[in-house]
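One chain, chain A, links the two complexes that follow: it is found with chain B in the first and with chain C in the second.
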Partner chain A sequence: MGSGTHRQVRSKAKRAWAVCGIDHVFVAGVTAVVGPNGSGKTTLLRLLATIRAPARGEVVFEGRRVDTGGVSSADIRRYRACLGYLPQSFGLYPGMSSRQFVRYIGELKAVDPRELDERVDRALVMCGLDPACNRTLSRRSEGERRRTGLAAAVVAWPRVAILDEPMRSSDPIERLRCKGLLRALADAGAVCIVASSAISDVDGLCDRLLVLDGGRLAFAGAPHELTAMAQGCVFTAEFPSAAACGHQPPTGTVDTVIASASRRPGGTMRVRAVTPPGWTPSPEWVPARPSLEEAYLWLRTFGASSSYRD
Partner chain B sequence: MHIEIRSLFKTYRPNTVALSDVNLGIGAGMFGLLGPNGAGKTTLMRILATLIDPTSGTVSVDGIDVQHNKEAIRRQLGYLPQSFGLYPRLNPVETLDYIGTLKGLPDPRERRRRIHEILETVNLWEHRRRKVREFSGGMLQRLGIAQALLGDPRLLIVDEPTAGLDPEERIRFRNLLAMMSGERVVLLSTHIVADVESSCSDMAVIRKGRVIFRGAPEDLVRAAEGKVWHVRCSRPVFERLRDARERTITVIGAKDSGDMVEARVVCAGRPVLGESASVLPAPDATLEDAYIALMEAV
Partner chain C sequence: MENILRELGIEDDDEARAALCMIEPYPAPAPTPDESTAVARAALAAAAGRSVSSSSSSPALTTRAVMLIQFRSMGARELALGLALFAAAFVAVAATWGGLLAASAVCPLYGVMFLLYSLRAGYYGVDEMESACPVGPAQLMLARLLVAGIADLAAGLAATCMVALSGQAQPGMVILSWIAPATLFAGVALAVSLEFGPTAAIGAVSVIGALGLLPRGLHLGSSPLAPVGPGGWIHWKLIYTACGMGLILLSMGKLRRSEPCGQAPGGGDYAD
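Our next item is the complex of A and B:
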């Protein structure tokens, strides 16, 4: 099935391009959008969800232009009808319960009334929320509100799901449930686009990964392709103490970056470092397989678009 | 520095049990506290931070009872809560100066010297003239740690410090905490298991007010040995596995591989999926895998 969206979008915000020259086809499956804060993730998602109009370029869905600069409003309406969107922050109706809110959105999305209640319950359960809970949203935790928004975004089982930080404030089990939900959506043929500031949110979930940097694409590909790029560049060593490892916190020496530093029970310090290509390790450093997070760190520090110089 | 928590109970009226019979001994170094939302982590931290009293049980820091010697404990304590207020128009020096005065650092010269030292440590000295409202999330968290460090506390309590930080800021922040630990006790509560894995030498998992695991991260990982599997099977088999009513298998991650599915799962024994599926033990169980195995009672 796979709906493809092709876009080349730019958006102007203040004196800088928030998103610049992004050209990407989003296909069925889960695509993660990661990058530093301020790199344009939220702006990109807003453009894809037609909340904002691009200054230049287009958002195209199944061959039809759907950004608000396009000609046909029928195309935009049709796209929005099969779109589920979770913004980063949103005002929920504070006096509604989670169930009432999700049902309301389901109605707006024209879910078949005969199926509505079942779909609402299913969406709530998939997001780890008890459908019988009557607490109003104003009295629920941040994580519960976020998951309510997620349930509302998926209640109509959208063909395009655009989710901005759906797993923030969730504990590991809640995150697992959310990942399962996204996987199920994607397996049913949906295009899922998830922005996250935590690599662990999308590790093991995403089929493709986009890394944004200053509004531009620094990487687009499968997660294993990113880890392959950092292969041979991650080393680990154990030092008798923090001082002995000679690394100033928190950035490492001038040519390496510390990915993690941990005091072991015996008092030693175990360090994992991300290093530039061609770095020759002294004997205490042993090569290690890069995690996705370390590969991301490598890309940000030593990748082609970084300002690192030999 | 050593914290001894004995038979700690905390009940909120009318009958919400937040903590139930918690017994923990915490020594110097970084200690990670994991657990679901609402498990009682924040309640435990607030008791240690002398903000609330337990219903029963004792907490002592180096032999001093926390409940009856709050002032003495507070002098040794630095606390970074989940959300903290800052004055947007002050710069970091002014902010720390203000908080430092409140915290009982009366001598201005000594205060300024300490502020310089701390801002250097958290890498904010170069931004000392910028207003707080211009700070990024990572910079705000570092300023939060700076204020917690003002009295040179021997106990540092940090509640969910990395939520919302981007990957680099998070890595830098947890490295900073790891370097801080030394002779201090740093108590870190977080949802990001990777943070505990990479920087804590000791940890506990709390669920529904009770401690269900206590030990080093590698001990929890060892307990998950034989429970994490790599599975490759057809899509229908995978979907049956995923949607099964009896939750004997928990899917941690899955991706398409041609018309097969490759998945990482947690299961008490070897998953039984039929002949067409390949099932192999996963050699590299992470702390997150082990935490999930523990929580799903696998």
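Our next item is the complex of A and C:
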């Protein structure tokens, strides 16, 4: 089982700390890193993937320092050999086919040549690509190119998979496939770290959740711990019309957040709202069980500045 | 799920059933039968695969092995196209202005073309993905530079043979004619690209080429990039060669020192 420690890492970008004060142990399973745009998700993943060196702090894998500010290149090489990394944005060599590219990355990962072809085919099939297709990457769609990148990231069947927005540009079937792949990796003992700006992508998939805000850890824990924190702060109500619900916030003030509004059969509107802790709603609002997305919304809007409890 | 298992002929396989259960709970639209089978096959393949480990992976890749990987990934088409372009340009210039000028003008361009091949990871945006591999970006670039250097040398020697066989000049003269601008251009392009990226390298090489041709254009005499011949520029060729070699060695030293640091050479800003 692989594990990575990321201690008090800071990375300076554009004269500001992109991530700061993050001290976390990643264990086997799927850990989702979520947060708003610019919260430091990609920077954190790049630090963990040894793409950039932390200005301060260290990344430790199985007791050995592996960040590029470290001293032992052998440790970094060993770590990178067990690492599968999918960047947020990346390019591919346009003259290669998906198979050629995945094979190329497999060769650079020093996969045993006797197993390479089998692993390449397996990675391509798992990512929904036809291993026999010789179409070059320049003629592939955005989704297919992203899946090729994902296949390249998992071709060595990594012990640490760091995937930045793996489900971007994916249709629902591909999301399902990607979730199945991540689950399979995690169940086989890999540390899967997945960054996503969409909570729905990681809901039901992740074992642990990291919420970043302004480069700092706002929450770290199991998803059910986050939803438990928002318990009692999510309410639902049904209104006769869309116009009516706009004037009936649960607390009678504008401090609530409408999490969702859906039209029901019969023309009524069902509204779900996230409220600050300790507020008493008006009678038409009934408490509801918070979803992960609503809990995230609650944390971002009303949660304490740091709810880190690792 | 039962249909999928039946279709795959593994109804009694509990492990397969567990693997399918793993992907069933996700709230996505129902896949078509074909897609279900593909997903099932993927999940089963994953379940049947070894547990995650790199037991069969050896992180130790030698520069020679990386060079072979780079050479293979270059693609026969790219290589053939490069050689064909070189041959066509060489023959065209040689037929019009003479073989010595062709060697002097075409070989450096060919060298720059292959140098840009060395920088292709940054150009195509694959550098970040390659940086997460055990070999590291610096070793990769070194391997590409060596592959490109061998290709340049082969092309230059072929050109030398062609000119020498035609009796226009001594082989030593021909070699100096092309190797001086080639090393200068390659050294500048490499040094600039490591600091500012491949686009800046193309700009720097273009500026040097234009400055070199300026005296000729302004009728101030022959160009310092002109082939070695009666009347001089030999000392300039030696200076070019020394400068070029110096820049190449400095750049390679920088690449070696940066190994295995993950920052891709000339890869630009990674700020979030």
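Quick note on the criterion: the second predicted complex is superposed on the first by the 294 of 310 C-alpha atoms of A that agree within 3 Å, B and C clash if a C-alpha of one lies under 4 Å from a C-alpha of the other, contacts with A are read in each partner's own complex, and residues count from 1 in each chain.
As a working rule, a contact is a pair of C-beta atoms (placed from the backbone, for glycine too) under 8 Å apart; a residue touches a chain by one contact, two chains touch by 3 or more.
These numbers come from a predicted model, not from an experiment.
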| item | value |
| --- | --- |
| Partner chain in contact with A:38 - chain B first, chain C second, else both or neither | both |
| Which superposed partner A:96 touches (first chain B, second chain C, both, neither) | second |
| First (chain B), second (chain C), both or neither touched by A:27 | neither |
| Dominant contact partner of chain A by residue count, chain C or chain B | C |
| First (chain B), second (chain C), both or neither touched by A:77 | second |
| Chain B versus chain C as contact partner of A:204, first or second or both or neither | both |
| Partner chain in contact with A:183 - chain B first, chain C second, else both or neither | both |
| Touched partner set for A:288, first chain B, second chain C, both or neither | neither |
| Which superposed partner A:173 touches (first chain B, second chain C, both, neither) | both |
| Touching partner for A:126 - first (chain B), second (chain C), both, neither | second |
| Contact residues of chain A, present in both the chain B and the chain C interface | 38, 172-173, 175-176, 179-180, 183-184, 187, 204-205 |
| Chain A to chain B touching residues, read off their complex | 29, 34-39, 141, 143, 168-176, 179-180, 183-184, 187, 197-200, 203-205, 207, 242, 249-251, 258-265, 269, 272, 289, 293, 296-297, 300 |
| Touching residues (chain side chain A, partner chain C) in the complex | 2, 13-14, 18, 38, 40-43, 46, 49-53, 68, 73, 76-78, 80-87, 89-96, 100, 104-105, 107-112, 115, 122, 125-128, 149, 152-153, 156-159, 162, 172-173, 175-177, 179-181, 183-185, 187-190, 204-205 |
| Residues of chain C that touch chain A when the two form their complex | 19, 22-23, 25-29, 31, 35, 38-39, 41-43, 45-47, 49-54, 56-61, 66, 69, 73, 75, 77-78, 120, 124-126, 128-136, 140, 259-264, 270-272 |
| Complex contact set, residues of chain B against chain A | 29-30, 34-38, 121, 123, 136-138, 163-176, 178-179, 181-182, 191-194, 197-202, 216, 235, 239, 242, 250-256, 264, 284, 288, 291-292, 295-296 |
